[in-house]
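Quick notes on the structure that follows.
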Amino acid sequence: MRYLPLTDTDRSEMLEKIGAKSIDDLFVDVPEVAQLDGPIHGLPMHAGEMSVERHMKARAAKNLAAGDAPFFLGAGAYRHHVPATVDTVIQRGEFLTAYTPYQPEIAQGTLQMLFEFQTQVARLYGCAVANASLYDGSTACWEAVAMATRVTKRKRAVLSGSLHPHYAEVVKTMAQFTGDEIADAHPAITPDVDLDGLIARIDEDTACVVVQYPDILGRVCDLSKVADAAHEKGALLVAVNTEPVALGALKSPGEMGADFVVGEGQSIGVGLQFGGPYLGLFAVRDPKHVRQMPGRLCGETVDAEGRRGFVLTLSTREQHIRREKATSNICTNSGLCALAFNVHMTLLGEKGLRELAAENHRLACRAADRLAQVPGVDVLNNSFFNEFTLMLGGKPAREIVRDLADRGVLGGVSLGRLYPGVEALEHALLVAVTEMTSEEDIETLASELETLVKETA
Amino acid sequence: MNAPNKSGWKPAMEVAEDGMHNGPATTTGNRALMLEEPLLFEIGHAETTGVDLPEIDENAPNRLGGFERSEPIGLVGLTEPETVRHYTRLSRQNYGIDLGFFPLGSCTMKHNPRLNEKLARLPGFADIHPLAPQQTVQGALQVIEELGEWLMKLTGMPGVAMSPKAGAHGELCGILAIRAAHVARGDAREVVLVPESAHGTNPATAAFAGYRVEDIPATEEGRVDVEKLKARLGPDVAGVMITNPNTCGLFEKDFRTIADAVHEAGGYVYCDGANFNAIVGRVRPGDLGVDAMHINLHKTFSTPHGGGGPGSGPVVFSEALAPFAPLPFVKKEPGSGSGSGGDSYYLVEEENREERGPSFGRMTAFHGQMGMFTRALTYMLSHGADGLKQVAEDAVLNANYILRSMEDILHAPFADSGPCMHEVLFGDRDFEGDLSTLDLAKGLIDEGFHPMTVYFPLVVHGAMLVEPTETESKANLDQFITALRSVVERAKAGDQTLRQAPYYAPRRRLDETTAARKPKLSWTEEA
Amino acid sequence: MNAPNKSGWKPAMEVAEDGMHNGPATTTGNRALMLEEPLLFEIGHAETTGVDLPEIDENAPNRLGGFERSEPIGLVGLTEPETVRHYTRLSRQNYGIDLGFFPLGSCTMKHNPRLNEKLARLPGFADIHPLAPQQTVQGALQVIEELGEWLMKLTGMPGVAMSPKAGAHGELCGILAIRAAHVARGDAREVVLVPESAHGTNPATAAFAGYRVEDIPATEEGRVDVEKLKARLGPDVAGVMITNPNTCGLFEKDFRTIADAVHEAGGYVYCDGANFNAIVGRVRPGDLGVDAMHINLHKTFSTPHGGGGPGSGPVVFSEALAPFAPLPFVKKEPGSGSGSGGDSYYLVEEENREERGPSFGRMTAFHGQMGMFTRALTYMLSHGADGLKQVAEDAVLNANYILRSMEDILHAPFADSGPCMHEVLFGDRDFEGDLSTLDLAKGLIDEGFHPMTVYFPLVVHGAMLVEPTETESKANLDQFITALRSVVERAKAGDQTLRQAPYYAPRRRLDETTAARKPKLSWTEEA
Amino acid sequence: MRYLPLTDTDRSEMLEKIGAKSIDDLFVDVPEVAQLDGPIHGLPMHAGEMSVERHMKARAAKNLAAGDAPFFLGAGAYRHHVPATVDTVIQRGEFLTAYTPYQPEIAQGTLQMLFEFQTQVARLYGCAVANASLYDGSTACWEAVAMATRVTKRKRAVLSGSLHPHYAEVVKTMAQFTGDEIADAHPAITPDVDLDGLIARIDEDTACVVVQYPDILGRVCDLSKVADAAHEKGALLVAVNTEPVALGALKSPGEMGADFVVGEGQSIGVGLQFGGPYLGLFAVRDPKHVRQMPGRLCGETVDAEGRRGFVLTLSTREQHIRREKATSNICTNSGLCALAFNVHMTLLGEKGLRELAAENHRLACRAADRLAQVPGVDVLNNSFFNEFTLMLGGKPAREIVRDLADRGVLGGVSLGRLYPGVEALEHALLVAVTEMTSEEDIETLASELETLVKETA
């Protein structure tokens, strides 16, 4: 078998050295009840590359790749152009097949990369310190809530109604077990975010307010207002960002007073991948909060010859040292995705990220203007970056999305799918536009929407 | 044991009279192919970029609601040639499985097949959106369903949750299911029992889920003390978290007995399946009474560790816990049976509440680590049931070979507890003076090996946990054994040069104390 | 010139009292990440394999005509994990552009963009057969035609042959066209004139095509001696082969004058276009009177050198020579004009004799280096006309920067001949004692640089030909200049440690004399 | 621009150091007539990755990839499964972006690989020494003829009628200029190779006989007979192989007495690539011929510390040392393809190559049997490895191939294309079958052929 280097001769020589008669001798400690008499039934035997490739390609071929259709999906996962260099770098065996850098002398590559990554994320978010990644935006959001309860010693988290509903679900799932109290709501279908309503929900027991920026409907709001209100009550502001490219055009959450900034980093370098692996970003504005942070941190130091080097540090926060007192149970994180982010962001740089953001916004404005012309279609947003909400006449948006797919157009994410059963949201469609969207794509969506809305109006 | 070099190969280093290998200083600090590399921020510029995008039209109107950025972000860019070189140089300062033996116990650093990398990159998998209409991602849903089937068959368990993002997330998934099951029957409990030798994620997870953690003591021979465990069971105990094979590298012979006792006391049995690679294809945890177990696809099923992640930690469940599995999950709708077009697949999410049952809810934004699923399924199909069994057997054979090749000179505390499984535990009891496991580890680095896991588990002094995996040749093992024996001998003889090791790595020993005392976690321009 | 390290970066090596950097010997011969690797034949086995194929049915009948193999081939195999490690380790004993500065004069070691690699691998290019029905490979034919158009426009010449496989093959193509043109007018000639400073492939090619080669003398300033050349022209001279910019790094100012004289004497002008990268987008060789010129896509247009190849050497032709171009070539059939579906493409091969005209025939089995065409076209599209011009300008700027940063301490024989082009030539005249260019080269290796081209061209003692290319940053150049100056100073001071360099490379100096005297060119089991 | 690291500031600082006012000062030596006044006309300006990718993908999409159709083409280029590892290895920057290993201390990777490659090729061919590669099989064939004329000091080469016609063309092209005399012929449409006819053409002036094995029609012949006849006349036997996989099942040419064995290595590791880059293999049976060989040779030696190492050697044969007296003008060869071959062959090993050959032959026999059942279709060959010749009723094979392509089947190579104008060959179709060919593919070809032959009979 192509992955198993031992030959039969090796095996018998080794058994002899061990003093075992057969391999079964090494499994004597397995109780009788669990001893099988051969390979497990109902599974195929080993197969060569060619046949495995056929099997997997047959499955891949059943999916409509984003690149093969006009594509407008977003809602927490965005399709951006990833330069070819990114994949070349992450396929270097020394990065791909390394472990967590616990032996820093022979892991400076990973460590220096993490230090650079942390710096990039911290600056993008307007924060002092970022960690070395978490699983994804949603678990980063929950870790932020958990950390806020630790820091404030309060148990109530107020979630903005327009936080990504899956993020809200994750927080609520955890709260069921930790006994935290989660106040959440649905988004109001309004051209601007209802900040006053949100602020009104903050009280003296509130550990944190969680606000998405831009929000699930694509709207941009004044985080600093919420920050001030929260701080007044002794609560923390957790800002959530699901589209880092937006921060190439928008003020950073840190700059606007958010205490913890968390989010999804998938847009930069990682790709769509049907939802995972993604890249949880986590940063704090104030360095005093560092020792309560979850996840790994890479720090600078020197070696015995005085040369600069990097190590994992402050690990007394972590499970492998602190066990049940750790700030999080996370161990394996999203290292390679952090590398992809780091490489892509290095290629972009300040100039490239700003240009990328401008191009996204330019095309999104173009699309919004064009789609607004379609009879029966309205653009909800007063403000947006690269994603906005359409209000559709006719059938529920959920069905229109399916009809569009039947016509080969991946037209957006319906709020009906994200908020099943909430009637007020049934006719809303989220449309995301990136640098990958062409003018033809926009035209196709407009004309297909026109047909579908008319048909069912 | 064969000598590692029976051939014309002559790698030995010439040594100067003082026993040292010499060379002059260089102005660059480089040493031929070992190249120094500054930080990105020291060589990049704000106006430099490695992408060609349209210039910004400063006069274009925007709809950013008045929140457009006014301050610089503080990023710098590199052109593509500089980028490739930056990361190539950094990569060359890393050790990886592709370079050599990486016997990190508990971490399962086995070969990562390249077919897996290739297939995971098919646009049909890599370029699909998690919220794409389900009729356009049937192949992706099918892969998730198929992989789940494999996991259930391999473990002999009837339920599976695919969304957990790594081992620790899987543990959380299992523990939340246990808690949900107790809550559902109105019997919330407070305590989870965890052995001292457990991985840190076990107690951390139980605590995160709101449980109080209590230690389970171990016997002299390195296994759970069944009697003491039984004695502790009671109505406050929600369950146990036991790693099997355990972190001392031993199979928990009495697992079934323990499981029966826990069940009897109304608790559930969580098995940390990080070491499943020792028994995959040969033993089904379902036959041992497990209620929930996570499987690290990045260990047993060889998805790459990537310098720290990503991983993937699906959880298999017993009948009792399966209904509480998290959202979302994939269901198969058997087709008319007329050929391949038959079956269809759909997601159970928040929207189809009826089918959701008592699921405890959502743990992550989307459906789990698709990129790891494609790799793991590719790996399973490549090995098949027969190959996976051979994987376990070779992994165990290799570990025992190391145990029996070292025990005469290196303290092996559980050498008499029977065969080890896929990993073997040593301790530094017999080292001379203040030489310790750390020095041995750094000495191995100079020899061209990645050290084993050190100082874990906590039950042995100066623990060294060696996990060779099945993807090593006998020649590699022999070379490792020769080198390890030589370093052990130096440590036992008190060779002080070991205190300075490594000599040849990109860096000498790093000052971790200062790093933690005055943390510098982000780059800032020097004054 | 900035100091290369203005930042917190501290790469300097600590040095022991004797000025040397020390470390103990290892049992493996490894030095941490610098790993030794045996030969494949020393670790592989005949029965080991890294592929899973059906077992052979020994009883199956065969139709091999009675010639089935009875003896073993003598190959050995490795499993995939061993294979990946074998080649990863080998690769780490190599220097490449991706690692650092590679200023190999005449070789144009510029960055190889990764987009080119990606697009060359599209199945629509990589997985098509050279003899596939032409209606199924229209896109491939279009790429060849488009690339040819680019080359003709960039050179200002009206014909192009795409099939030559590398530079030397392109030279042959050009020389054969010259010969065919002479033969066609009944005026076969015998002599080709080639400057002394020419690349070895020039005289070798002319000789291979049946010509007698005569030297063209050079002037003191490093250019062709026009008067002497004119004097030699006559009815026996088929043509000249001149490299422009030449291998001393200078532009042949009088090229046009030479070309006119050669044409007047009934000869043709072959230009070795290996150095086209110095002028691409800024100067068109067609404006200088060239009749044929090969273009190394693996130099100017950045297809990777791959450790020695493959390359690609298309040849552009003047009106006079174009009809003699080799088979096959691609023709475009303009379409109805109705949109993209319009144009179609076809191959002129042996079969369409009418269109073939006086082509001198076929030089290779198929249509040339498709894999390089896709890369080169991608490169051209990325740069565009503006970018290619900038490429030439930056390449020339970098070379002049090195010239003017070194000339005060390193002998630059043509420093007064005007600006250099994309490369600069130095000599070892001023080194102390028996220290020579070779020692300097090996000293640079320790500093982390690939040496320049040494001992070529032959016109300068201890030649060092430095070609930085345009893909180097100023910081890299500055670091190189600092290091080069330090090594030059050591060489001029007679520092004997240089004789032993390199110290840190995977190998110390290799014994080339023994290698040639008792050649061992294939592995055999030691007795 | 993304590939150009100099900033404008750098450029002016550097010009200043040089003492030039502008970049134009550095181009003063270019005569007026050749000075352009800006970017060259008629070419586009620089473009980002996304737009270049669209351009190239549009072209790729116009080609029918072999993997997307039942595929039976051969005739000197074969489609085999290349394990994923091969591409991973050749994309390692240290291999991909290295130059010819002229500085051996930092090129041991390339050098050791070449030494292994030379050994693999020599063993496969049954020879003593192989070189480090030439461009492709056809130029290797011509180099062998040239070398034979040098070694024997004779000027006549006898080409077997069933040598690949493109190889024969290359040899004849060169001979036009070198004055060598080439005797060639067309293949006779017979079930076995006509060796007697070939042998009869060898005379005392013959430098070499060139025989393809298996030949262009797929037939296998007794090379040792030709070798004996050639040696008797003082001529050399050059054996040409275009399908190295065949040598996993067949006796090697060296074993059968060939003096020089040359061929195409593309089948192992390289892929189809529309004909290039490919891999010219060149080996000699007798080490005494080494110093007349073309191309680079890698040899073993030791370093100053006595450790084994490798260098390029015997370079006094080569153009960079010997100039007009060199054994060939080749410089750049097919290094990276040699690496791909080396890696693939290492994965195969003795066992894998033999299994691969057996599987090719098994499927080819299967296909031959099935196709022979098609009315109006006959299999010509008495012997073959993985490629055979069909004699078709109905229209000329050339047209049938085009019709098959219209129906989405890449059915083979017509001899009409290879030998235009030779009527006797007009109805012959070469069909190649490899491990990539499925039973369904064979069935599809059979039924489509049946239809087409019937329609036009």
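We call the chains A, B, C and D, going by the order they appear; numbering starts again at 1 in every chain.
In this section, contacts are C-beta pairs under 8 Å (C-beta built on N, C-alpha and C of every residue); 3 or more make two chains touch, one makes a residue touch a chain.
Keep in mind that this is a model prediction, so the values were computed, not measured.
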Between A-B and A-C, which chain pair is linked by the larger number of C-beta contacts? A-B
If I average the CA coordinates per chain, which chain comes out farthest from chain A? D
Taking each chain's centre as its mean C-alpha position, how far apart are chain C and chain D in Å? 20
Dist(centroid_CA(chain B), centroid_CA(chain C)) in Å evaluates to 44
Out of chain C, which residues touch more than one other chain, so two or more? 8-9, 11-13, 29, 32-33, 39, 41, 45, 47-53, 78-82, 84, 88, 92-95, 97-99, 111, 113-115, 117, 382, 445, 471-473, 502, 505-506
What are the residues of chain A that contact at least two other chains? 1-5, 7, 46-47, 49, 83-85, 87-88, 91-93, 105-106, 302, 305, 307, 347, 435
Per the contact definition, I'd like the list of chain D residues that touch chain B in the complex. 1-5, 7, 46-49, 83-85, 87-88, 93, 105-106, 302, 305-308
For chain D, which residues are in contact with chain A within the complex? 2, 49-50, 81, 83-84, 88, 91-93, 347, 435-436
Using the touch definition from the top, list the residues of chain B that touch chain C in their complex. 4-13, 15, 18-36, 38-39, 41-43, 52, 79-82, 84-85, 88-89, 92-95, 97-100, 110-111, 113-114, 382, 445-448, 471-473, 475, 479, 482-483, 486, 497, 502-506, 526
Help me check something: in the complex, which residues belonging to chain C touch chain A? 8-14, 32-33, 45, 47-53, 78-82, 84, 88, 113-115, 117-118
